[in-house]
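The data blocks that follow each hold one structure.
Same chain, two partners: chain A is paired with chain B first, then with chain C.
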Partner chain A sequence: MEKNIIEAKNIVKKYKNFTLDVPELRLPEGFATALIGENGAGKTTLLNILTGIRMDYTGDISYFGEYSDKDIFKNPEIKERIGYTGTENYYLPHWTMKQIDDLQGLLFEKYDSAKFKRYCDDLAVFGGKSFDGSKKVSALSDGTKTKLMLAGVLARETDLLIMDEPASPLDPLMRDKLCELIREYLNSGENKSVLFSTHNISDMEGVTDYAIIMERGKIVEQGFVEDLKEKYISVKGESRDAEAAKSILYTMTSSNYGFEGICLAEDLDKLAGLDIVTETASLFKISVAIMKKNSLIK
Partner chain B sequence: MKISQNNGVPIYKQIADAFRSDILAGKYQQGEYLPSIRELAKDLRISVITTMKAYETLELEGLVTASQGKGFYVNAQDSEMLKEQHLRKVEESLTAAIDAARIAGLSDAELIETLKALLELQEP
Partner chain C sequence: MNRTLWKCTGAFTPMSYRIAIVIGMILTSAAGFVLSYLMGLASALIVAPVALVIILFVDYFAFSGISVRREKCMEMMKSSVYGREIIGKALKMDTILKIVTVLLCFAGCIIGCVISGAGVLFVLAVMFTTMALTVLVLIFTRRKGLSVAVQMMLTYLGVTLLDGVMLGLLYAVLNAAEEEAQGISTLDIIVWAITLGMACLTVLLGFLLYRDCIRGYESGFLDRSEKEA
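Entry: the complex of A and B
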């Protein structure tokens, strides 16, 4: 039976002009889950709540089916099992690589310093040179700081990786590498799981098993990618049929040369008689369609 | 195994097709395990759920069996089912040929002639 690595119920966090309201959230164990949504949809707020960075919320969260968010201070081992990278660099600018290495060793029991150095080498944190303990964080570029955080978190023995926008500061080559690292991580044990938020849906699609799409503080769609690809279908047709198709398609754009859009598979019958082609939609297309449907952007 | 990201055939289907051909061609022994889901996902650079769906497709067809915690192993291929699978493939290919013939404006008689001619060419 499928297990959930995180289950959350009735999570509510109110801001002045924004409310995060998640009645139910389940993260399937053993998979990579992508959290997708517009800027300001509440992705980071949700991740910060799940990682315990933000504690001013109401609701219940359970981790690994055994820990509750209420005893986060009583059970330090739960923190050992979760790795996290945020959008902002959490290493202070004046820290040296050696200090970072030492600090991580102090903070986490299952931290492997040799592994940290190996990942730094693999990701070319020092531009192809070997690990330099005297180098300062402030001397690194934004992308390299992200690589450093990835090396730091992968050097630990964890069961769940939570990453907030890991792909954004990275170049295309490094995004590809990130996907590889995630696959390796999932392959390193039966029950390893990953949760990451991203705007780079296309780049990350090849590693995404489960998708959660958020809009304006709410989860508007979630499911295994393969199931979503059966639920939503990409449709293209001639412009003369655009009017007829408009009311049936989930979302649609049309031009002089024809229309294209996303259709719920269950509504496909209603398009019978129109001259259309259907194809499997990419996660990117599905996500954009769902986001459009729920967005305030006109 | 060659996987195309954008040839219209869902990736899980391409994987299932490749394994089906290999199994039917006898490249896997009875009881032999297919590569683990996560290993395959890593090697093919695709998501875990896609490989899982490919294996589940093969399981539905009765070609493999899932074993809890150990992966998927290849079933004994009884000759009846083998024949059925091959027959299905023949039908699929012939249907594709018929579609192409219609587009080309070939008559049924011409199509049958073509098939006959090709069959003769195949004779040893």
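Entry: the complex of A and C
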């Protein structure tokens, strides 16, 4: 039976015009989970709650099968085992690399300064030059600041990485490197897990084992990618069959040349008689279809 | 890992900055010493704005408004169970250092006045007035949730203005008292009263500012309003 690294129940956070409402969330242990959703879906709020950065919510969270979120201030073990990177870099602009190194050493027991410097070199934070303790954060580009955050979090001994849109400011080469780092992290020890939110579904699909899709503060779909790909099938057909297919397909786009859409596997036999081609849908197509179905965007 | 007061404060300030502040204090003090021989008690009025600038820069470079809820690096602090302890200790040390900074800036003036026989009470009155007004304006601007740069500007303008008014009044009172005074003892009593009054006000306001800062970052950690924190 699969073990869950995080189990959350009845998580509710209310804003003026928005409510995050997650009745149940299970994060499988030992896998990389992608949290997908359009802007304003509530991904960052959910990640902040799961990391213990936001405390103004109701609900219960259990970590690593043994700790409760109510113990998060009393038990250092919880936050020590979770590594977090935010949407924007969380270092003050005037901080130097040495300050960041010193501060991380104060904040986290299992922080390795030598590892931090090594990751900074590997990720070319200093443009191929060796670690420069006097360099300020303000001298770095947005992408390099993200690399710095990644170096900081990977320099710690953790069991769970929670990353909020780590790929967004990165170039394609670095996104590929990020996927490599995630795989290395998962393979580095037993039961390591990763949870990241992303808009770059195509780039991150190669490393995603489990997907959670959010829309308007709710989880609308979740599952292992393989299972989702069995549940949602990509269908293409001729334009003459578009009208007939429209009511059966989960989502559809059509043009003069034909139609393309996503169909639930259970509804596939309803398309019998139509001239269609089916193929395995990518996680990108599945996510967009699900988000489209639940979105307010017309 | 021993999270001492000094280590926690040091993590927020680079060595070069700490050296620059110490040099600034020494130079200000030396200048105050020289000026006290040239200008007597009025030298304190020149040291006051310099000390004020140093206090404000301590705040900016050390914390950049970190005690304000939802400030940038709070996420990093909150991702660690020790974040709260570290900021608390750094703010405590910062409060102590503010007092030491001002004392050291004025030390040269005080020593110069004592040696030259110019009297030291007026210098102390200026020192405590400057500190009290700085802290008062800092509390006011911090509660308005303004950005750090605007806070600094407003504090400098506010204190300079208030300083000018307060010290103008002080001069007027001293001049009037000197005319009326039957010997030096009455004048001394008046200056003592102002000095002690301002010293007590400084301590009280310093305590309020420290409590304000603690509430600010606690509210950020617990995601409560500052009143609840």
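To be clear about the criterion, the second predicted complex is superposed on the first by the 298 of 298 C-alpha atoms of A that agree within 3 Å, B and C clash if a C-alpha of one lies under 4 Å from a C-alpha of the other, contacts with A are read in each partner's own complex, and residues count from 1 in each chain.
The rule we apply is simple: a residue touches a chain if its C-beta (ideal position, glycine included) is under 8 Å from a C-beta of that chain, and two chains touch if they have at least 3 such contacts.
Note that the structure is predicted; figures quoted are calculated from it, not measured.
Of the two partner chains, chain B is the only one that A:Glu226 touches; chain C does not reach it. Shared-chain residue A:Phe73: touches chain C; no touch with chain B.
In the superposition on chain A, A:Val12 contacts neither chain B nor chain C. Of the two partner chains placed around the shared chain by superposition, chain C is the only one that A:Glu88 touches, whereas chain B remains out of contact. Once chain A of one complex is fitted onto chain A of the other, the partner contacts of A:Asp209 are limited to chain B, with no touch recorded for chain C.
Looking at the shared chain after the overlay, A:Asp102 reaches chain C, while chain B stays out of its contact range. Of the two partner chains, neither chain B nor chain C is touched by A:Ile248. In the superposition on chain A, A:Leu268 contacts neither chain B nor chain C. Within the superposed three-chain arrangement, the count of touched residues of chain A is higher for C, of the candidates chain B and chain C.
Look at A:Glu279: by the touch rule set out above, it reaches chain B but stays clear of chain C.
Within the complex formed with chain B, the residues of chain A that make contact are 30-32, 179-180, 183-184, 186-187, 190, 205-210, 224-226, 229, 279-280. Contacts from chain A toward chain C in the complex involve residues 48, 51-56, 72-73, 75-76, 78-80, 82-84, 86, 88, 90-92, 94-96, 98-99, 102-103, 105-109, 134. Across the interface of their complex, chain A is touched by residues 8, 10, 12, 38-39, 41-42, 45-50, 53, 69 of chain B.
Listing the residues of chain C that touch chain A in their complex gives 1, 3, 7-8, 10-14, 16, 61, 64, 66, 72-84, 86, 221-224.
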